[in-house]
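Pasting the structures in now, so scroll down.
The same chain A turns up in both complexes below, where it pairs with chain B and then with chain C.
Up next, the complex of A and B:
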């Protein structure tokens, strides 16, 4: 399935819903979107991966890049990921210790952007 | 003898095709349904690695994928890049040290925190971590003949191949 991207605001947060396959071919579009969000002023970004059917290392690289960009501007970055299929990828690569992972957008927006440190 | 062979020019768009074909062949060969997601991800990572190697070396040669079902379902992904087993330096935006890519050695220590690496370096490292973490039977070796490396992976079969 082709990559789909859509955004909406939730309070101070910008939520980016991602669907379909994030791989070496489609990841550049995800990168462009995340760069655009930061450049246009988004500071508390939540990426909802609930509808992602496939995620590879290129996609992980793009997500790490977004995390770095937001940290550089004192922003926050959270990921919504509840599927075991994707969680396994974060665990194998030890990126579950780098990203703030949440099981719902509500949980992410409640935590990300507050003074609370992200959960490991 | 390989059951299915696939060769594609080193374009990112073809990696998805290789994944789809790989899973279809694995399913038909009798790989357990619960392993197919791993097969899909592993073939994708191996092919992405080969495409990245060809691109970084400016190679237009085809990437070869050979799938065979015997005692196990075996996939071999072959690139034609020199130094594939070593470290390749890509032209980073600022030519900084972040542009170094570790391309094929799963045994290399991953000591640098990923958030300090460039995206391409993260992807290369995570690709290797995924391959090593997903595939019990994984071997990366230089080609016996000619220049290049081969990523060989295999999975058990649930039932005898047809």
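Up next, the complex of A and C:
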């Protein structure tokens, strides 16, 4: 079982691409990466779940933790999730009403920082 | 002692698991059997999620590991998850949005058509049923 994590910057946003399976075995790596991003100054984080094949309650908990961490520093947190099988888990847990869910990274980066002051 | 009516279909298969790193194999086992028994891809995903949540509880909160078994009965997929943990209670509220933990069993009962937990000398069996 594999979890892949990679990050890149897109304007003010830090995009974390997640691939593979997020469960109790792999979730600690995702949690550590999200903590590291916030600790090193990322304030507008988008997690791209497009290549996630499995996500469970442990993974949801990690995402909730990241949302809380970013809110505490006046940051923003968006999720890119277009697959029905993942969206269903967000609906079952009512977390679809808590997270900002987008169907593409472009939509997330356009929306998530939209309340920020324009820089140019 | 028969905790539930015995499986007489002759098509069941059992997988044992013990550690968090075994969960991928548990999901693959459930997926393979559910698809082979005629379950749709979408419902197979839900069964995998439910079994994964129960097996996660096993590896996080109990000792001795567990085992999972899948078969069909009267138009349903039936799946037993057996471990040495306490009886599981259901009719759970979904935890509040800011909770980091505690959603596992609430998810299980929402994605299955029927869930029952029975404890006996061999441990606790959670039996899941989903229509095919």
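The rule we apply is simple: the second predicted complex is superposed on the first by the 114 of 120 C-alpha atoms of A that agree within 3 Å, B and C clash if a C-alpha of one lies under 4 Å from a C-alpha of the other, contacts with A are read in each partner's own complex, and residues count from 1 in each chain.
Following the convention adopted for this analysis, a contact is a pair of C-beta atoms (placed from the backbone, for glycine too) under 8 Å apart; a residue touches a chain by one contact, two chains touch by 3 or more.
It should be emphasised that the depicted structure is a prediction, and the values quoted were computed from it without experimental measurement.
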After the alignment on chain A, I want to confirm one thing: do chain B and chain C clash, or do they fit together? clash
First, second, both or neither for A:96, with chain B first and chain C second: neither
Mind working out whether A:65 is in touch with chain B, chain C, both or neither, as first, second, both or neither? both
Of the residues on chain A, which ones does chain B touch that chain C also touches? 21, 23-25, 54, 56-58, 60-62, 64-65, 68, 85, 89, 92-95, 98
Across the complex, what residues on chain A touch chain C? 1, 21, 23-25, 54, 56-58, 60-62, 64-65, 68, 84-85, 88-89, 92-95, 97-98
Chain B to chain A touching residues, read off their complex: 12-13, 15-16, 19, 37, 40-41, 44-45, 48, 51-52, 110, 113-115, 117-127, 129-130, 133-134
Footprint of chain B on chain A - complex, ascending: 21, 23-25, 31, 54, 56-58, 60-62, 64-65, 67-68, 71, 85, 89, 92-95, 98
Can you list the residues on chain C that touch chain A in the complex? 20-21, 23-24, 27, 42, 45-46, 48-49, 52-53, 56, 59-60, 94, 97-101, 103-104, 106-107, 110-111
